[in-house]
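We just call them A, B and C in the order they show up, numbering each chain from 1.
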Amino acid sequence: MQLSDRYTGLFLIALGGVAAYGGSRLPPVPGQQIGPNVFPMVVGAGLVLCGALIALGIGRGFEDEAEADLAAHSAPEFEQRQAIGWGRGLMALVPPALLLFYVFAVDRLGFLLTAAVIVLTAAFALGARLRLAVPLALGAPVFVHLVFSKLLRVPLPPGLLPAPW
Amino acid sequence: MSTVTEAFALVLQTDVLLAILLASIYGLVVGSLPGLSATMATALLVPVTFYLSPIAAVATIIAASAMAIFSGDIPGALLRIPGTPASAAYTDEAYAMTRKGQPELALGICVWFSALGGIAGTLSLMILAPPLAEMALSFSTYEYFWLAFLGLMCATLVARSSPVKAIASMLLGLLVSCIGIENPAGTPRFTFGVTDLLGGIEPIPALVGVFAVSEVMRAMLNPEPPKLPYRRFGSILKGQLELTRTYVKPQVRGNTVGIIIGVLPGAGADMAAWVSYSMSKRLSKEPEKFGTGHPEGLIEAGASNNASLASGWVPSLLFGIPGDTITAIAIGVLYMKGLNPGPTLFTERASSMYALYIIFIIANILMIPLGIAMIRVASLVLRAPRASVMPIIVLLCAVGAFATGNNLFAVLTVAAFGVIGYVMERNGYPVAAMVLGIVMGTMVEQNLVTSLIKSDGNILPFFSRPVAAVLAAMTIAALLWPIGVRLRSWRPRSAPSA
Amino acid sequence: MAQRYTRRKLLLGGAATGAAATLGFPYVQAQGAWPNRPVTIICPWSAGGGTDATARIVAAVLEKELKQPFNVVNRTGGSGVVGHAAIATAQPDGYNIGIITVEISMMHWQGLTEFKPDSYTPLALMNEDPPGIQVNASSPYKTVRELADAIKAAAPGKMKASGTGQGGIWHLALVGWLTAMGLRPDHVAWVPLNGAAPAMQDLAAGGLDLVTCSVPEARAIIEAGKARSLAVMAAERNPAFKDVPTLKEAMGIDYTTGAWRGFAAPKGLPADIANLLTAAFKKVNEAAEFRDFMASRGFGVRWADGPGFAKFMDDGNRAMGVAMKAAGLAKG
């Protein structure tokens, strides 16, 4: 998802415009000179301005300077960024997708099952061997459940597989 | 003298000491887990304090919050996942040190200067509580407006990126803070009819999303970095004594700023670390080193962070006005235990007050050995295979976000901000600046609108009240500073390229 | 996973079966005398606040009374809307109850939620805190009548008051008082602040003319000698602040209101369980532990059983509707 500054700048202009428009439609409140509309409009206008500056490439020099400084001060082996294809790029969406899975599944499946699925999937997505992923998926949910549900009394849903303790 | 003896008698009970020790370990562990914040650590303790004696109950809150604030720096330094909005200010710096192969030095700075800052803050609480409280009470909405504005301006300083992008990120944060009904007008804004959005976006799930989830997202794409060569570090403390001697001035400045900001209700530790870090950068002799793993800013901000935590108790204890989210919870516990905040707490129950001071000191001293042990253990994460660490982070993000309000919506927030943070990071937009915007947005708007209501639309009080005038001058100076610097350095730099 | 579970079940025998039955399949087990498993009390406000503290002390006494754990669960979000909705939509089986607050009679007028007081099975009213009228300690007004005269003499919008956000309970208290004096609801401008604590701070900083929050909320600042309470909008004086008169005593204005907290279950709770719960709450209300706690925080103790609480909420709900429409806060 590395885009050129032109695109992110244009996106900010659009977002700022929508925010300012949305803000301007908010009704005034009796007794307040500055209504709920003002702050979103100011922020929206600011975003439009910043977006325009970014799209025009202003301030780019700082970034190059900063990156050069950082590169000069850190260990070389950390500096390896490579081009990533689109298909592999989608892998980045695994963590947020797992969180969505948690939201929609935890009440039905219960915490232990949901957590095991999340840990297993994430471990495989990161290239873990079976030998690492399976014990992790069995152990981590149990441990987290013990700490949060027993010690801290967070009501984690039992679902299909209630904790036997 | 008898009150002090009495206070020691109150503290030196088996249950109190045990409570301090267990709460310290609890705070260290919870604070150090990515996705779990110091505020959450404290909130989850409330049901436990119900079963404790008053002094033990307050001791658990004090010990756990102090430890959790420090240990929030641990995942920040090791994995670039800050535990609190405050440690977001200097996470990049600490992480840069880790990348240079100095994780234990970075964390050593955090624990050592946190403990010193905490003790300085406690001393201010002991000696200066009444005058500090008077100062806090002289702050009206005009002063808070300038303060919040000044806080926002730190956005451009803490990140090493284009200032335009930093401001854009900060504005995005402000836009996020518009969501919900918690605005001066009490009007639902940008809620799209979703009930859960009425309360707005909480800073903690957003923070967890933009840092922790986006970090795991990056890990999905990038090859596993080579393990740092195993190095046996000597004494973590040894280097610290040297640093303490080298950086006396930043440290004193950090403590002072932390104490002052901490006392102001609503500003709290979050802002103290940001202001101190940017101040350190502005006033440093070598600002170009900031962000590359330079200890100076870390020292000042870490000291400021914990100093403000202690001094934040001043308005809480004296007036029942919370300094931040943690003391807001602490006030509830104080009330529940019959230690009602108010000046009578200082006069009629002086021994209890001294007991609290003693607990603060004990907790901050205990932070050093426990913290060092924690650093040793936590550093193992750097050697564990990434495929075992990252899945657990995802799980903790989900549970941690859920536990803040037992509301699954927070988990959705974390996921959404993970994607936002990832895209921003890839394109050079500093996510820390957005977190700052989310934290400070309500404060800026609230104080601007209420001030204008109070003055019937007149902007004069923003400049005519003495404290407001000073803060206004500082804000304008800070605004003009970069322009001045730029103008001075313009000619020599542009000459060769032209 | 299933394999593992079965093995454990064999090992743990009856204990595990019991846990599975109680946690996983509530209806299979819902026979036998209520309560035979832990009860959840949903609190719509966050841990550490006044409502949370009340819920927890009540839960502690209920536990002793009914010999089952009562777990307080904070369901926060949406300015209280989320938690109130969670109580209303929970299973009406007696194992899910909640603490509801005055906001439930206000938020639906603003169109923020569909839930109203009659969306619940009311069980018990436990607390009500009337608003006081506080001024800065150096303010020239010594009595509430002097303050009222000054308000009447001032130009509309000149005097500033606060206590909570726009449209909050203390804002409506001010509106009610002004209306009772024959003034317009916005004769005193409302400065929306994020709760009573910042309002009292700003009063002490000299930024406000008066604050209409409850007296316990103002207590610490009053005791610090920074503010004074002139009157309470209640039928009776607060025993913890005996020298603060009621509005009726001081001005002859019979206007009372207050923030209250009570316990309720989802609609459709079987009457026998509701009766058992109300009886238990009655015992809690009279218990020394509860009374001591409420007295130490200056919270006012009230009691009303199910029907009484329903009527109390209904009256309050209608009064809120009138006040909110007058102030232009209600939708539609």
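Convention: a contact is a pair of C-beta atoms (placed from the backbone, for glycine too) under 8 Å apart; a residue touches a chain by one contact, two chains touch by 3 or more.
The structure displayed is predicted, hence computed values, not measured ones.
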{"item": "Middle chain, criterion being Cα centroid separation", "value": "B"}
{"item": "Dominant interface by contact count, named by its two chains", "value": "A-B"}
{"item": "Centroid distance [mean C-alpha coordinates] between subunit B and subunit A, Å", "value": "21"}
{"item": "Mean-CA-position distance for subunit C and subunit A (Å)", "value": "36"}
{"item": "Inter-centroid spacing, subunit C versus subunit B (mean Cα positions, whole Å)", "value": "31"}
{"item": "Per-residue multi-chain contacts in subunit A, two or more chains", "value": "29, 31-32, 153, 155"}
{"item": "Contacts with 2+ other chains: residues of subunit C", "value": "73, 157, 166, 189-190, 192"}
{"item": "For subunit B, residues contacting two or more additional chains", "value": "44, 47, 184-187, 406, 449, 453, 456"}
{"item": "Complex contact set, residues of subunit B against subunit A", "value": "44, 47, 96, 99-101, 160-165, 167-168, 171-172, 174-175, 178, 183-187, 189-190, 213, 216-226, 288-289, 291-293, 385-388, 390-392, 394-399, 402-403, 406, 408, 411-412, 414-416, 418-419, 422-423, 426-429, 445, 448-449, 452-453, 456-457"}
{"item": "Subunit B-facing residues of subunit C, complex", "value": "46-50, 52-53, 56-57, 60, 72-79, 81-82, 85, 110, 112-113, 157-158, 160, 162, 165-168, 189-194, 197-198, 200-202, 204-208, 219-221, 223-226, 293, 296-297, 329"}
{"item": "Of all residues in subunit A, those that touch subunit C in their complex", "value": "29-32, 110, 112-113, 116, 138, 153, 155, 158-165"}
{"item": "Touching residues (chain side subunit C, partner subunit A) in the complex", "value": "1, 4-5, 8-9, 12, 15-16, 19-20, 23-24, 40, 71, 73, 157, 166, 186, 189-190, 192, 327-328"}
{"item": "Complex contact set, residues of subunit B against subunit C", "value": "43-44, 46-47, 50, 136-142, 180-182, 184-188, 195-199, 265-266, 315, 318-322, 328-333, 335-336, 338, 340-344, 404-407, 409-410, 442, 446, 449-450, 453-454, 456"}
